[in-house]
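Naming follows writing order (A, B, C and D), and every chain is counted from residue 1.
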Amino acid sequence: MANSEAIAAAFADGPAYVPYLVVGDPDYESSKAYVEALDRGGADVIELGLPFSEPIAEGSTIQEALVRSLDAGMTPTRFFEFAEELDVDAALVCMTYYNLIYQYGEGEGPRPFVERAAAAGIQGLVVPDLPAEEADPLREACDEFGLDLVFIVAPTTRGDRLDRMMENVSGYVYVQARLGTTGARDDVSDQTTESLDRLREYDVPKAVGFGISTGEHAERIVAGGADGIIVGSALVDVVAEGVAEDLSTDEVADRLEALSRELKEGARRGYRSRTEAVESA
Amino acid sequence: MSETDTRTTEEPNDTAPSRRPGRERGRDDGKFGRYGGQYVPEALMPAIEELADAYGRYVLNNEDGFMDEFRERLADFGGRPTPLQRADRLSERYDTEVYLKREDLLHGGAHKLNNALGQVLLAKYMGKERIIAETGAGQHGTATAMAAAHLDMPCTIYMGERDINRQRPNVFRMKLNGSEVKPVTTGRGTLKEAISETMRDWAETVEDTHYVIGSIVGPHPFPVMVRDFQAVISEEAREQAIEKTGGLPTDVVACAGGGSNTMGTFAEFVDDESVALHAVEAGGSTLEVDEAAGVAPNSASLYAGEEGVLHGARTKLLQDSDGQIMESHSVSSGLDYAGVGPELAYLVDEGRVSPVAVDDDAALEGFHRLSNTEGIIPALETAHAFGFLEEHHEELGERVVVNVSGRGDKDLDAAIEETDQRDVPNAPDMSMFTEGM
Amino acid sequence: MSETDTRTTEEPNDTAPSRRPGRERGRDDGKFGRYGGQYVPEALMPAIEELADAYGRYVLNNEDGFMDEFRERLADFGGRPTPLQRADRLSERYDTEVYLKREDLLHGGAHKLNNALGQVLLAKYMGKERIIAETGAGQHGTATAMAAAHLDMPCTIYMGERDINRQRPNVFRMKLNGSEVKPVTTGRGTLKEAISETMRDWAETVEDTHYVIGSIVGPHPFPVMVRDFQAVISEEAREQAIEKTGGLPTDVVACAGGGSNTMGTFAEFVDDESVALHAVEAGGSTLEVDEAAGVAPNSASLYAGEEGVLHGARTKLLQDSDGQIMESHSVSSGLDYAGVGPELAYLVDEGRVSPVAVDDDAALEGFHRLSNTEGIIPALETAHAFGFLEEHHEELGERVVVNVSGRGDKDLDAAIEETDQRDVPNAPDMSMFTEGM
Amino acid sequence: MANSEAIAAAFADGPAYVPYLVVGDPDYESSKAYVEALDRGGADVIELGLPFSEPIAEGSTIQEALVRSLDAGMTPTRFFEFAEELDVDAALVCMTYYNLIYQYGEGEGPRPFVERAAAAGIQGLVVPDLPAEEADPLREACDEFGLDLVFIVAPTTRGDRLDRMMENVSGYVYVQARLGTTGARDDVSDQTTESLDRLREYDVPKAVGFGISTGEHAERIVAGGADGIIVGSALVDVVAEGVAEDLSTDEVADRLEALSRELKEGARRGYRSRTEAVESA
């Protein structure tokens, strides 16, 4: 199922590289430069984090980034302006928590947020604290305005729950590579392979995230069957380093672009080895 | 209207098998009208589904005698039943019969143990091997640590670094009870970061770990489960009131932070239409809100909050117009929370529970009044209920039950400081304490 | 032999009307064999005679329903009965059934309220208009202040200036309860000066004032009266033990300072010859005595003391060869007293009670053990009983009742400091508490 | 009843002036000078305080003096040496607490103390924490060695208790002028007159103490019927002043002697006005 053609296209041809950054981290202008650097680095879809004050699903790396952004004045209104001002080729997805979606604009419910997001060029939403069971109203609004609603599948998601989620998902599924919250790790988990196996029968692109930080990770994950890789904390770490070491915006942007290239390259290598394996089989 | 209206659950009261049907609310799907639900990361869903299942089997159906063991341990280890005491001097002062439900006498000094013991025992029945919990002021953390020691379960408590420095005695109590206290250094180092950190731990360890939530908040089944564990307060109080006074009270009063002592005190009275239920929230310094600073100088989410989603449930919240959660404030750290249990939000909307805000000044007066007229030093949280009594006694009927949710030993330093900062008419001379400060 | 032998009272047990004759000891003349008596200034004799009369009428004969009201208030205000809890993990550790009598759950956090409430209520029945008491660490003072607030009696507590500075939380609790706390600046500013000062006040105000003594010490009728008020501990424990275990315990253990929780825990068992009674004293740092400095680095007056006269009674004392009272020492301020109740001295001489000294190190280990294995943080006084258990469990029978005389919240600072000063094998890592010290 | 002829003599002829000081306050030698000054000032009987560590019957003035003396090393052994070394005409009475009497010497009981006291020239004992009910053994020892055992009669002592006490007393009764503990006061209480009335029928000298500090007090008390006056705190105050102001021993001794003369004079005036009143009646 897909509402957004741009997102569908991103997964259509080769593995998708889906980076994440917190919008407004550490400030509005630098953040714009960073997102654009991701784009230059080869992003197919960019997940833009809209910070919420109580981010219960995040690891500490992203939590700190959300705090930096909030402290610098980020709001949903500014977020949409940011999206509008961006000069990027990648498809944009907004990642945020349900309360911000629910409260936005006049009247209750998620519709005003989705309408505004659509107008700002956002193609999809990821809402980590919104399970499929509570998602009907948001799903309807997304369908109305042509946005995809991406769900996260955990290593522990199976059976009825998985079916229900796959009925509701659109665009891609976010396959959580391991238990836990977001955060860069050094290894790639076996849970990923298991999850991809479980999802094989569902006809929707599978992007794997949680803990990917190097081109080599990316390669292995895509080789293992992923249609895309989602990278968050590893990139946010670069921004945090920039803050800690007081680096120039350009320097940080360059690093982000370089890391993006490495990740994208890795994904491509993984894809090649997979298709070669299939072909030689 | 919002989309949630379509999902409003029919109350299954009429067919409920339990003695008092009021307790059926939310049991099956965690919905209280438009409130409640399970707004959690997918990774936690299996854990809360497993928990909901265990709740149904052990708590509702007493499988393996769980509830029997729970009640026995509450009696022997916790000191239940707690008395329902006539407050002679307050009764005289207000010209009405005032009765105190003495949860301050529970082991640990507050109602918190009812829940902590229930959940740690449940975790044991579920075969979990480890307990985690978050704590702000340390009350829930100490209760959980005690229960975990008693039941021989390894326990880790997450606590913001700033809170650790403000609440060292409670930190020490947890450590004495053998719990690991993990300082949370992210963000501002307070309760919200500790909650996130605990969720993080749980998300990684759900398979062998149970997360003990401290109030009737969070995703289903926590709100109903915590309520059911705390409902022992009103089960006892209702029987004691009938036995001591020959009838039901006209009014029942409890302070409300997350609302666990509140619903515990109300649960068995909800269906007694004649009994007025008063939930007393922390009015802080004022009910005005500073949107720009993101600060609500109060914790009156029932009274002044708006519907939203926080920590796994839809409920009433203190939030700005964007939906960002405000920093709440109260002289009592245990009421200092921007949300409230979804069941209370529902009962307020239904008109069954009256929310009232009592400000810091009135709470401090209440603190001193109970201390020097009845010989009971209440927790600052509890003190709000006595501030309410002073301000609203003329609106009450002839028989009032007030829950003394906890004792004030933990609050002595705060009480000295806060009393010193304002003009509390009934406070003792504080000079010997404040001079060296 | 001493002259007192000629006055040894015949035990009136055989003709006693009460259920359990053991409690008759000392009722009539305050003599327990060679111990007890009324060694007080003449000016106080009328007051203690009046008190002895009131004790006979109200306590022994329940005149005007005094005992009924006392018991009712103990239940409703105090939280009685306290549980007799099986300590699962200690039972396993010692391979014997260990039961805890939970006086720590009494309002105020220690057994002290049983006595304070009894005496303040008695003062009311006697038509007194004012209460005075002395306090050292503040436990008896806080209990008296609570009781006085509850019963609406003006109350003055004398406390040494040095003790005031060491025990500020307790001072604050007394003030919160509306009591006046009078600093005593004479001498070294500790308990002994506070006792003298309270006597001085009483000598001037006997006509309208009652002096609430905090343990089974002082002139007759205090030792018997305080014992009778505290005996509720053993009345409950004996019944609970029979009900829970089908029989009497083999051993009953309580710590002993003045001995009020001790005799309260033993009273109903004294006539049960099969039950061994263990009075655990504070062994301090050593049982050696420094005569030259006038210091006994312990408080083991039953174990190491000599007969003498102190604070109105003949009993066992820590004294030098001249008869000057030694400064006693213990890690627990509540056991830090150079004398002991005359009834205990008598029962030790008779061989009915075994005195055992447990030193500071073992008490601290006991403190940590109960905290981290059972989830109960005991008072440092109480901790001595658990030090005893560890050291002597092999000598005990199969069913042991230990009185948990109080909770340890008051002792957190002391426990941090004392644990830091020595190598306590089972203590948690304390570095986060001691670094800033 | 009287064991000591010296004490009987002290009350035989005119009102007795009975001063009290703590032995060894503030040190052994000064204390000897002070006691001898009382003697020069006209003392008929001198009460020598032997300090006990827990003096429950004392006011704060005397309590502090007891602490000074203990800190300077006073013991029962030294006390008796002190008494032996004294060069005074007045009869000596030892005032102390029962535990010191009970513990003294080999074996239990009060006999060794009394024996030693007698040898040191002590003629009587006052034991404020020993009521008549507990006094039999001490009474027997006193009788054996010829000491008087003085009891204190409080304003509240009546009926049986008073009778019992008067049966046991010897030498004189110490009539407590008011409720409370020792300590100098500014007025003389009505309770004194009442007490003297109550005691009229008993044939034993009545010495009134507690709160007498001036010649005028002494006069009124003797005029009211007392056979003697006991003065403690007012004299101890002089010693304390000497310590506080670092006065020379001679200076303090002079002040004590002067105050003694004033008190003795006052007592004599009171006696004269009483006998004149009787004669003119």
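FYI, contacts are C-beta pairs under 8 Å (C-beta built on N, C-alpha and C of every residue); 3 or more make two chains touch, one makes a residue touch a chain.
The model shown is predicted, which means the values in this text are computed figures rather than measured ones.
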Would you kindly tell me how far, in whole Å, the mean C-alpha position of chain C lies from that of chain A? 67
Between chain A and chain D, what is the gap in Å from one C-alpha centre to the other? 97
Measure off the straight-line distance from the CA centroid of chain B to the CA centroid of chain C, and report it in whole Å. 36
Quick one: which residues in chain C touch 2 or more of the other chains? none
Quick check on chain D: which residues sit in contact with 2+ other chains? none
Work through the pairs of chains, note which ones touch, and then classify the graph as line, ring, star, complete or other. line
Pairs of chains, among all present, that meet the touch criterion: A-B, B-C, C-D
Where on chain C does chain D make contact in their complex? 1-4, 37-43, 45-47, 49, 186-187, 192-193, 195-197, 199-200, 203-207, 294, 306-312, 317, 319, 321-325
Touch list for chain D against partner chain C, complex: 52-60, 63-64, 67, 70, 75-77, 97-104, 108-110, 128-131, 133-134, 136-137, 140, 151-157, 161, 165, 176, 179-181
Touching residues of chain B toward chain C in the complex: what are they? 75-77, 79, 82-86, 88-89, 102, 104-107, 109, 145-152, 164, 168-169, 171-173, 175-178, 368, 371-377, 408-409, 412, 415-416, 428-430, 432-433
